[in-house]
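The following pair of complexes shares a single chain, subunit A, combined with subunit B in the former and subunit C in the latter.
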Partner chain A sequence: MMRSSVLVSAAVATLLVSASLVEAADNGPLKVGFLTVRSGALAAGGRQMEEGLKLCIDEHHGEMAGRKIEVITADTAGQPAVTKTKAQELVERDGAQVLIGPLAAFEALAIDDYIRQTKTPIISPSAAAEDLTQRKLNPWFVRAVGTSAQPYHPFGEYAAKELHYKKIAIIADDFAFGHEIAAGFQRMFEQNGGKIVQKLWSPLNTAEYGTYITQIDPSVDAVFAAFAGGNGIKFLSEYKNYGMQKPVLGSMTTVDEGILKRMGDEALGVISAGWYSAATDTPTNKKFVAAMRKAYGADPGYYSVGAYMACQFLNNALEQVKSDTSNKEAFMKALRNVNITDSPYGPVKIDKYGQPILDITIRNVEKKDGRLQNVVIKTYPSVSQFWTYGAEEFLKSPVYSRDWTPAK
Partner chain B sequence: MRTPTFNWVLWLLGLAALLALPWLVTSEYYINIASQIVIAAILALSLNLLIGFGGMISLGHAAYLGVSAYLAIYMTAHAGFGQLSGALIAIGSTTALAMLFGYLSLRASGLGFLMITLALGQILWGIAYRWASLTGGDNGLGGMKRPHPFGLDLTHPAIFYYFVLFFLGLALWCIARFIQSGLGQSLQGTRDQPRRMRALGYNVWLIQWLSFVFAGFWGAVAGLLYAYYHQFVSPQALHLTTSAETLLMVIAGGTGTLFGPVVGAALVVILKNVVSAYITRWLILLGAIFVAIVLFMPEGLLPGLAAWIHRLKECLHGDKKTTGVSAITKDRV
Partner chain C sequence: MNFWIIQGLNGLAFGSLLFILASGFSLIFGLMRIVNLSHGAYFMLGAYVGLSAIEAGANFWVAILLGGIAICVLGTLIERFVLRRLNGQPLAQVLVTLGIAFIIADACVWIWTGDPRPVPMPAELTGAFRVAQLAFPIYRLFVIGVAFALAAALWFLLERSRLGAMIRAGVDDLAMARAMGIRTSLLFSAVFCLGSALAGAGGVLAGPILSVYPGLDTDMLPLALVVVILGGVGSLLGAFVGSLIIGFIYSYGQALFPDLAYVILFLPMVLVLTLRPTGLFGRQAI
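Take a look at the complex of A and B:
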């Protein structure tokens, strides 16, 4: 009985909501559904996403192209099944017209069909799975970050050509994100004459990396470590404790600004690649970093800048359609047509698959102004998700996976 | 004791409320939540067969949900089977898996049984996570289309709700019949007095095994509906947390009662999906509610409420001849 009374009151509430929705069809605030993670293992990244989004909305004073923006936040708990329910909650109950989120690739894939059915434009601020903008295209999806492997094509080339490494061992998190990073790096490193002699896959919840570190082939020139979440902290400190001398190359997330603040000297000299560094020396980025530091006392990293940029994409698209989202197709076209000349990323354009073409930077961890920073040492401008390959040629090969060309 | 007419009125009211739900709520979101409750309830019902009526506490019941969902999606969306054959393969193979798992785990009882089911469930999770070429690894498996049985458009939330509600009704009916049948009665005998049952000449192992397979079958049905609902499955469906959540539904609702797991499923699904929108720390709330249930209604929500209502009536009527306890035990079956 209690349940039905809850349902009845909920029904009344939704009646009221939908009535007000009809009234304010076009000129009312644009409702943005934001899928984040507030509970579970991914909550740290979720919080950074919320910070990035909030900063962007505040910068625009809650208004884009003259239209009020109303952000409705939902917690997916990092679970695919819950993500779908939350997406339904945002779209069906709260009337969200555009979604920003979710955090993890498997969450994005879980709502893929739902996005198609409801034709809801969605901007991904974090999920990097290659196929979302490659072999499993969704016309309503646009991404505000790089694909998993996008920075590691140039990085593989850099390691071979400029660092002159010949033999590298890879250690990476044993899930799709790690597999894709490793494969992208391996592909271009080997194409430029290097050789991956070893690939070690450590489970996401590895408690200590000693058993993996001792397995590393002593003859390699360097170790490429691709970790997500807080695993980079654990790996680098243990790597140092084991007295390892070989230089470490990292993925963007191994030394992400979000965790770099918790590292010590063991992170110094780690060279990595990514589509963003808080230390990028442009006026726009300096302003962004200063604002983030003022608001949250920390440098922005992967998640915060991703959500911030997703919000800037939204702004750019709304300006194109003059804040009129009544024609979904036209609005989606504008989202796919985002062209920002000046942003914390640098210039950004979107390819026809919904994936940004970004500047990729090679960064070195140095101590500056009393804190660790990813100091940019080289920039590869306008890097596509397909690197120098043509899209069709690239898409012919299967998606990067754990078994992508085994180590020789 | 309640008068039968009152019971009937209550049942009819409940049934009418369930059937009228799509008209009671205006947002499709709540209909979808109701569908999720129904699917979770079928899984909880099947687990309750083991726990409540068989005394076999399993921590691997997500296995049937997950395997059936994976098979249904793989067969129809990736291996080119039709909807009907895909569904039959999913349910058939999962039931066969339950036969094997029953054979393995019934070698032990009590804690040993619990650990074996836990281990088997973890193996399946590991396979789903690792065998990426087949299962998509941690990215999961999608691409499922909802079927159109008898011209019903299951993509419509209300029609889908009735579709799953039909299966819940069927499950309730079958399970009620099973409990009253000779096999079901002897299962409860093996729960309470396994040695005496053995001495009486019953094949305790076979009774338990058949019940295990029957429970696995309904778990498979829940998995199939799960696949239709989400059109996506990932290793999360096979994870220990899914098994534990189902166990929580059964215990919170009332083990060994027919409708307890349905109430428990509603509680957990609503907390997880609806309440979590308003309370960030909903997991703490779930924990607190569970502790409260254990403290104040150790038999579960449904028997607990029944006992409270009974006590209230006694107070009102001043009737103290029948004790609350005997009334509950009679209500249990």
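Take a look at the complex of A and C:
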């Protein structure tokens, strides 16, 4: 008798607690779980994401559509297994109702199933893997950055049509991000009459690029270098030290603002493409850059603007549902329906696969105001992840990979 | 022909970097039987110290010196106050050095942020050296020179000096060396200092080529292990020959068999471990 009454009261207490939790979730602050990286090799990107997110939350004074925002941050260390544990902690222990993160595509893939099971809306501030919004759709996923290849369809065309290059050698990081960038570039470069004569895949942790630089075919018109993390720094300075003269085209991340600030003259004249440049000359972006420079003393780049925009997506969706997230499906629909006319990116809409349609800019590294900047030389407005192809047509071919089309 | 020359030079330059990294590792293992898994972290920390020195206005050569001194001090303290307490427990020592490596790595992120940072090279060594069709960075030629000079200096130290005789005695038979009146405690500190200093100074020297970034430690440590296992632990000649072999395999291998880029450095290690577990020049298995 005694025992069962204890059990009953325990059960009642549990019910009461969970009832109050549910109530709190409805009226209390919106809990945002933020997966970032504070330790290990990806820590620099993680810190920039935190800076971008914080600026956005501060701009909104910690409140969106009248509802308080509470950010709970977790460090994944850039390791997929840890990412999964942290995502579970955020959702199950801390009661996060929406996630922003994680940083790397392999982390995003590690929690893909978990997101489906728990039906937790997630906004990706960085992971660019093509198939997340193409062939492996997750209804709870929306991305606040471009896909890996999104900027390089127009860039391939630009290299052929406007730079009049005929033969290009590609060197890229040997992982999915590098493969996808290279394939997107190659596809449109060759479609417009150019030829990729060589593809060099260097491991992500290549100690030194000398062996690769000296293999570059001397007959090419230019080299397209697609690197992530700090590899762009290493490659460009060694490229110069090897006395190489051929122009370098880069991916957005080869000369990202996050590392451009550490580079020297070797970066001058590198032409690249991306969905964002800190040098974009619009009032909204100027205001954003000024705020970032004031708060953190550096131009925003890939990671900071990605997290900032993920947070703006959240704001836009919350405004649509009037901050009521109790109906997850409706909230997710709003996230998939984000439409921002004016942002550091320029105008942004989401396609029906959860992928932003963005302005893509072609940028040239120049020294301006005493620092290196990606000065915009051309803008391709409203670029879809499928470029000019129809979605069905695009999705019929396999996802971009290392062996997408061999060099000729 | 150009291909063979230029990739040969690349291999020589990379092998030289590896020797500077691996010599200290091998020295420490040879005498003390400590597999110092902090060695990569020492290398990275040395590079960061050198970078800060340069940014504070020191010239490159002073930065190399400071990087070496700082890591010598750190290494000596760790040897004295941590490793020595675990004397005779090799497994515990290995684990402690691994733990220290993690601590150093996170401390570096904390102090120098996680941004990848290039280390500026001295102005007189920038640019490329050109002969006919070939161009090769002057700085790499310099690194090759440093490695050969270092090899000669270490050889002289070990084979021709009194300290070297004591070290060799300690390597061959520690108990007997101690009985002969060699102060092994001091000897251990001296060797750990020297080995650590080589890592620290090597980090600065490699900085202009490798740059400094979180993860440099874990990129370099396996390479040091491969060199030392291939060459034979505790053997200076082994470290030298091992470094050059790995350097050449790296450059020719990556150029000729790009699909094997990930395993090509580890294949010779597997072969050697199978056929000759002591390495090419070693007298004991690791």
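In this text, the second predicted complex is superposed on the first by the 386 of 408 C-alpha atoms of A that agree within 3 Å, B and C clash if a C-alpha of one lies under 4 Å from a C-alpha of the other, contacts with A are read in each partner's own complex, and residues count from 1 in each chain.
Here, contacts are C-beta pairs under 8 Å (C-beta built on N, C-alpha and C of every residue); 3 or more make two chains touch, one makes a residue touch a chain.
These figures come from a predicted structure and were not determined experimentally.
In the overlay built on the shared chain, the residue A:229 is in contact with subunit C alone; subunit B does not reach it. In the superposition on chain A, contact of A:238 is made with subunit C only, not with subunit B.
Of the two partner chains placed by the overlay, only subunit C lies in contact with A:47; subunit B stays clear of it.
Of the two partner chains, neither subunit B nor subunit C is touched by A:70.
In the superposed model, A:359 lies in contact with neither subunit B nor subunit C.
Applying the stated contact rule after C-alpha superposition, one finds that A:84 touches subunit B and leaves subunit C untouched.
In the superposition on chain A, contact of A:175 is made with subunit B only, not with subunit C.
Of the two partner chains, neither subunit B nor subunit C is touched by A:319. In the superposition on chain A, contact of A:208 is made with subunit C only, not with subunit B.
Overlap of the subunit B and subunit C contact sets on subunit A: residues 38-39. Residue ranges of subunit A in contact with subunit C, taken from their complex: 38-47, 174, 200-203, 205, 207-208, 210-212, 214-215, 229-230, 233-234, 237-238, 241-244, 258-259, 262-264.
Taken in their complex, subunit A has these residues touching subunit B: 3-4, 7-8, 10-11, 14-15, 18, 38-39, 74-75, 77, 79-82, 84-86, 88-89, 92-93, 105-106, 109-114, 117, 129, 175-176, 179, 401-403.
Subunit B contributes residues 17, 21, 24-30, 32-33, 36, 132-133, 137-140, 142-144, 155, 230-232, 234, 236-237, 266, 270, 272-273, 276-277, 280-283 to its touches with subunit A in the complex.
Residues of subunit C that touch subunit A in their complex: 6-7, 10-11, 13-14, 17, 105-106, 109, 113-118, 120, 126-128, 130, 135-140, 208-211, 213-215, 218-220, 223, 250-251, 254-255, 258, 261-262.
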